[in-house]
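By letter and in written order, the chains are A, B, C and D; residue numbering begins at 1 in each of them.
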């Protein structure tokens, strides 16, 4: 069972620009993260965009959806989206050393290989149905609704 | 669904003794790891032993089995072991900063919440049936058999 | 010989705000850095401001100068500024794990305890006279002039 | 003024062997440490040995002394050892992420460029005369005698 990872940037991939003193995106750290985790699964990585998730538009979301649809992995039958899709993220950029991203990616890979078809959000070591979760914007915590 | 984590020490919890220059065990870093991962699941942690897995005896293994049996979590019916049990470990101690342990724990928590009852080994982002895997002692890689 | 450390924030102390996704200042990490370095010297820490050095005004600089003048440490005689003052900074925030700040602070403490009175800049393992150095704003490197 | 760094291994360069679960030496991390510190000084690195300092013999010490004598850097005149020599070390291996080694190396470079000729020990942000310091083997702290 192959797993495809779509990269959108986000907190995961933010880096510190030494010249401007601001955060910016250069490229994804996904290979580095997978190597740190000694991952040995059949993974295809594709970068769709490198943006802060706060800046994500509906066009961006449509692009992600289109790519999920076109992915060959686990495309079983009809025109429906018969795949297991797990979205995850990070509260702290990977490059900051003490990031939760490594843990979240591990959990997302565990869930995506085990759960029935559907769209899920993996955060805090838990897995939420995509339509039963919201991010508490004051605390940053993902909560069931 | 509560999850119980049994601690046995292992590579995960090794620390560097500044006086002797050797590795040793002081206590588990599991709380610290879960906090780093922002875990918000119902977890009970119990330390069974603090030893190098290379020093693990059959008595130690029996102790782990007994504790798995007695755990209230997911004990469904008969006298059989009707639980989902996922064993994991680390190639590099957590305190070394660049440990795969954070990734492995994330994956193990993903698998343990999703898979049917059974005993599994989670390493390299994959999940193996407990009786279909062996550790290649030359490369340190877990391989399907 | 006591050493006083004045904190102004800067790259050293920037942190990642998990809610807004921006960098911000909360407090100084100087104690943590000194403990990591196992420093055992007589040090007084005083926080003067917590700002990005790019935002530093002449009023801020005057405040730093006033504090240098008033510090009891190494105030030898007349009204002149008879002290050894070493300014340092970081290219990467300490909280990012792979910061040069730990190295720079070590070097600054080495220079400040050894050099004759004067005002210096310690970066890149080197020490520059304060009036013979400039920061190359394209490369971020401090260069002799 | 060029600086020569002699590598002897020590706590600085210990690594974790994933197969045996023991600490071992593979090579020096000095270039990596200097790059992390953004060092831009004229440095020559030479590896003399890769051993635990607890295993150091008088022959090893003689080898270090011979190399100090032969180094061209700062060899001013007669047959005497007219150089500034600063010894340093680490309480925690660099590869463990939270090492004091980065701080100690910074301090050692600060001292070696500023102090008059002599042999010194840099630890804890301080510099000791080589014949006025001992390591407290219970606490691991270097103390003046």
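To be clear about the criterion, contacts are C-beta pairs under 8 Å (C-beta built on N, C-alpha and C of every residue); 3 or more make two chains touch, one makes a residue touch a chain.
Keep in mind that what you see is a predicted model, and the values were worked out from it rather than measured.
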Checklist line | chain C reached from chain B - shortest hop count over touching chains | finding: 2
Notebook entry, point to check: For chain A, which other chain has the most distant CA centre?
Noted result: D
Item checked: Whole-Å gap separating chain A and chain B, where each centre is the average of the chain's CA atoms -> 25
Notebook entry, point to check: In angstrom, rounded to a whole number, how far apart do the mean CA points of chain A and chain D lie?
Noted result: 43
Next item on the list: Please compute the C-alpha centroid of chain A, do the same for chain C, then give the distance between them in whole Å.
Entry: 38
Next item on the list: Give the residues of chain B that touch two or more other chains, as numbers and ranges in rising order.
Entry: 91, 97-98
Checklist line | Interchain contacts, given as pairs of chains that touch | finding: A-B, A-C, B-D, C-D
Next item on the list: Sort out for me which residues of chain D touch chain C in the complex.
Entry: 33-34, 36-41, 91, 97-100, 102-115, 122-127, 141
Next item on the list: Spell out the residues on chain D that touch chain B in their complex, using ranges where they run on.
Entry: 11, 14, 16, 18-19, 21-23, 52-54, 91-93, 95-98, 137-140
